[in-house]
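You will see chain A twice below: alongside chain B first, and alongside chain C after that.
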Partner chain A sequence: MTRRGLSAAALLAPATLLVVATLVAPLVLLFRYSLNRFVPGEFMVEAVTAANYIKFFTDPYYLAVLGTTLWVSLLVTVICLVAGFPAALFLARTRTRFKSLLILAVVLPLFVGNAVRAAGWMVAFGQKGVINAILGGLGLITTPIEIMYTTTAVIIGIVAVNLPFVVLTLQSVLEGIDPAPEEAALSLGARPFATWWLVTLPQAVPGVLAAGVLCFILAMNAYATPVLLGGPSFQMMAPVVANEILQQSNWPFGGALSFVLMAVTLTLTAAANLIVARRYRV
Partner chain B sequence: MVRGRNAGERAGRAVYNLAVAGGFVFMVLPILLVLWLSLFSNEILTFPPDGYSLRWYQGLLGQQQFIAGFLTSLQVAVLATVLGLLVSVPASLALTRLEFRGRQAILQLLLAPLVVPAIVIGTSLYVLFVEIEIATDLPAVGSVVGLSLAHVLITIPWCVRLVTANLIGVNPAIEEAAASLGARPATVVFKVTLPLIWPGIVAAGLFGFVTSFGNLEISLFLIAPGQTTLPIAILQYLAWKIDPTIAAVSAMQILVIAAGLLITDRFVSLSRVV
Partner chain C sequence: MSTVTLEAVSKHYGDAVAVARVDLDVAQGELVVLLGPSGCGKTTTLRMIAGFIEATSGTIRIGARDVTNDPPYRRNVGLVFQNYALFPHLTVFENVAFGLRRRKVAEADIARRVASALEMVQLGALAQRLPRQMSGGQQQRVALARALVIEPDVLLLDEPLSNLDAKLRQDVRVEIRRLQQSLGLTTIMVTHDQEEAMTMGDRLVVMSGGLVQQTGSPRALYQRPANRFVAGFVGRSNFLDGRATGSGFVTKSGWQLRADHDLGAAGTLMLRPEAIQVGTGGPNEASGTVEDVTYLGAATELSVRLDGGDFLFVHETVDAGRSRGDRIALTVPPAALVGLSD
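Here is the complex of A and B:
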């Protein structure tokens, strides 16, 4: 080995070993356990069986949970990209002195944690919450409308959680795009929307992809928001996994659920990367 | 900006402005609602409130659960951030400054904790920790060290991403100049490279700290009965009820993080680091 190779190894070893020990090794162990058999009362019995995976793919309940998780995540991703793009474009192009303050308005929600933001939505959505108080005060409704513990509440909650990630990712890509072609298009008479559609957006495709993938992964993963805003009858994958491991102590099936969740998430994000790469040659 | 030439374009511009404002309001709204609720004088949620009061903030000192959770979270986040930076900065240097085989693979590995669902990381670490406990009789689940090691894992991708991004932005000619004038590699790193990328290191520390401090999905698996972190204490209280007390707890967290961000902003402009 050359001296260069040696020093690279020395610099990389601590971080790499840490990730191997706390990510790769536990995943390997969990995968092995997902092939074991669970016997109630006896905990876990050594075996090599696909029974836990077969149980998942033949039980309509778990398939429905995966289905809900998937369509909620896809919808959230689309909403976040559409809702986040204008704000990101504005942040990337603005020259105001208040830019730091606007960045703070994006970063602060990102940093205060999902549970705190879910608390904010609980204030808005409750039977006696802000929305019902306003609608009632305006005389638009006589009985409070149900928003808490509905799918709508969960979707609004996850969109709000993911939007700052999407805005920041898009903004950093948009800032790297030279505004000169846009200005050229505008000065040659293109309408603003046509300019955005034909000049800005095609250049921003890698950013849209990165932001979309991040948003999708986070939504597939959502824990606090569905637990707090969805209530006991609304189920997504992450709370179901946690319940299986912590309450039921069913490691084999909990492990299988984990790997299904991970495989679905990674396959879809890889597919998105491939499709976009082929279409736009990025 | 180009002025609208006709009604259609003016309408388009109005829609754009509305979308920008709507996006920002939507992100900030839940925080404003929590801050508002924390000042209500009535304990049971009604709108408009009967009046305003600061008494919920006075009551916070008696909330053992939240204070214990805050202290654990702070301890773990500080440990995880320091360790995360200590392993990530050298790795980032190797990834950007040295040529070696498997560079891309190592980078992907170090960024992987961001891609693997947090709940899966939590599950697998829990299983590993329980096995370690059975094998060695050492308490792994519920130990601050175990929790901190788990949190180092989730700070690594943020640290590596932000520090490598900064390193790529540094002109290598400056480092080469120092080296050709006789500085040893270590001197170049400490006297030239690190001072140049310190905004990136500050940002990495900030992101690492906040990621760890706010983590719920991994901590959930790794705390022992009777032990808690601030996000878990907040989640468990909210699953039961929402009232001005929990709003005041949340408000304290919001204020601490806002203060941290504003202080960071004084050293490195936030618009440059994120």
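Here is the complex of A and C:
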């Protein structure tokens, strides 16, 4: 018994050390910073004050940034789940020989970094960009439509980044769901949509939750896409954090922003888990 | 309730033929069993009737209705799967109610019909359980209730017993047969277990390589198999190569047997092990040596090498305590000879 306990500890030790060194320690440090005072010119003054948090929650500008981050992330998550589910279901159920190629096609975009991809979208979205050129060429529009530096551009960009993660997560869960109950439903008179809604989806809830949480966290923390596609006037949390720390050298406030972002993300994730667990008894 | 008709139904996967021109008439209230070895096309045939696989050619009718191109949800068939296929997230009650809800049956009627369907399979007390809280046998009975409650035109069963242990298999088998007969349900069942097929089916369809080898009652198949495949698949048999003579059969090793009926142009003689008698006293006598003895319970199987060189399995119902090397005399009644052309 003690032997087994010891060997388990030995096996867990490297991972535990790694997590402590790379995740817990910086977080503790950052949290400590967030309680310090920022004096311009003096960098950071040792203190224990809630001033940085109070600043965040009393300044409508920062609340609006959090609000934008939240609704963009929620919208991106919904779009990714709705668009990703059919693709994941197809991948999970297909009997084609080219299945591994199809999965590779889903993974492929991940080989290209976020910033590079966002740069690509800039080419597509611009006033003289590909999309406007095509729409104009087809005679559908006369004046170029404004996509670049809009919320739409940011949402499209983050959806494109997150979709592969969502599809792969859903696919791996759907893979484990027996298709026979769906056939039973069809034979009992359920049409395909009713079968999906009443039989497939309820069984896929844990997968939808996992994919949704993953997508939401990625969106809440998106950096390159909002910076490149949203332009200077569009603000989400991660770029604002980076700005405080890199441009303003305001570590205390940057730390506070980070913790607000993390706390909000964690709270919503936990809430989603609880609601779904209660509703579907998973 | 209805009849089922297949007319030259085929299923091809590219060049591979899974089912080749199957013709079948299932009468109202009849239980037909599709029987055959793995990969012979039983499941494919059943799934074409259910509507999950599109037939490459041919026509499928349920009653007078041509359902060849209908999707499964318009065919009104009850389906029971090998692995039960219950809805894991729904209670037993909701599983059974599923088909009725799709048919927009009134809530009060649903409660009544589900309750009576569960009574029918003796599971009335477990209505609020989830499938994972039940044994395999109970789950299969729920699946049966779920398929029956919608009053299907046809009941289709794909190896419904193969996940159950031997004792339970016997119980559920009796239960399926009892319900099927009392409700007068037109039923098609798939199995590769010949004993199951013989005991349950009004009629058996023996398939091999996508082709129907023979269709007939269990008795007809057992006593007059159309070919060596059917004879070998349905029950235990001895095959002796040789040729038919005017009055009987002569084996390659020269054993002459007399028959009381015409064996046609048979090239193979089939003898059922239990039709061969131990002892002397008939026209077709032979003597030999016991090479092996296997105790089967109800009978003892003797492997006998005849002095002429032929080899026979013989089932002796009295336990005579024979052992290897014993000398033995056998008699084949003239009525027991079955001639096969291939």
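Rule of thumb we're sticking to: the second predicted complex is superposed on the first by the 281 of 282 C-alpha atoms of A that agree within 3 Å, B and C clash if a C-alpha of one lies under 4 Å from a C-alpha of the other, contacts with A are read in each partner's own complex, and residues count from 1 in each chain.
Just so it is clear, a residue touches a chain if its C-beta (ideal position, glycine included) is under 8 Å from a C-beta of that chain, and two chains touch if they have at least 3 such contacts.
Bear in mind that the values here come from a model prediction, so they are computed numbers and not experimental data.
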### Message
Which partner chains sit in contact with A:Ala133 here, chain B, chain C, both or neither? Use first/second/both/neither.
### Response
first
### Task
For A:Leu186, select first, second, both or neither according to whether it touches chain B, chain C, the two together, or no partner.
both
### Message
Quick check on the superposed pair: does A:Ala194 touch chain B, chain C, both, or neither? Answer first, second, both or neither.
### Response
second
### Task
Tell me which partner A:Pro202 touches in the superposition: chain B (first), chain C (second), both or neither.
second
### Task
Using the touch definition from the top, say if A:Leu268 reaches chain B (first), chain C (second), both or neither.
neither
### Task
With the two complexes superposed on chain A, say which partner A:Asp178 touches: chain B (first), chain C (second), both, or neither.
second
### Message
After the superposition on A, what does A:Gly113 contact: first (chain B), second (chain C), both or neither?
### Response
first
### Query
In the superposed arrangement, does chain B or chain C reach more residues of chain A?
B
### Task
Find the residues of chain A that appear in the contact set with chain B and again in the contact set with chain C.
186, 191-192
### Contact set on chain C toward chain A in their complex
50-52, 71-73, 75-79, 81, 83, 85-89, 98-99, 102-103, 143, 146-147, 150
#### Entry: Of chain A, residues touching chain B in the complex
4-5, 7-8, 10-12, 14-16, 18-20, 22-27, 29-30, 33, 83-84, 86-87, 89-90, 99-100, 102-109, 111-124, 126, 128-130, 133-134, 159-160, 163-164, 167-168, 172, 186, 191-193, 217, 220-221, 223-224, 227-228, 237-238, 241-242, 245-246, 251, 254-255, 258-259, 261-262, 265-266, 269
### Message
Quick check on the complex: what are the chain A residues that touch chain C?
### Response
178, 180-181, 183-192, 194, 198-199, 202-203, 280-281
#### Entry: Residue ranges of chain B touching chain A (in the complex, touch as defined)
2, 9, 12-13, 16, 19-20, 22-24, 26-34, 36-37, 44-48, 86-88, 90-91, 93-95, 98-100, 106, 109-110, 112-113, 115-128, 131, 149-150, 152-153, 156, 160, 185, 210, 213-214, 216-217, 220-221, 231, 234-235, 238-239, 242, 246-247, 250, 253-254, 257-258, 261-262, 265, 269-271, 274
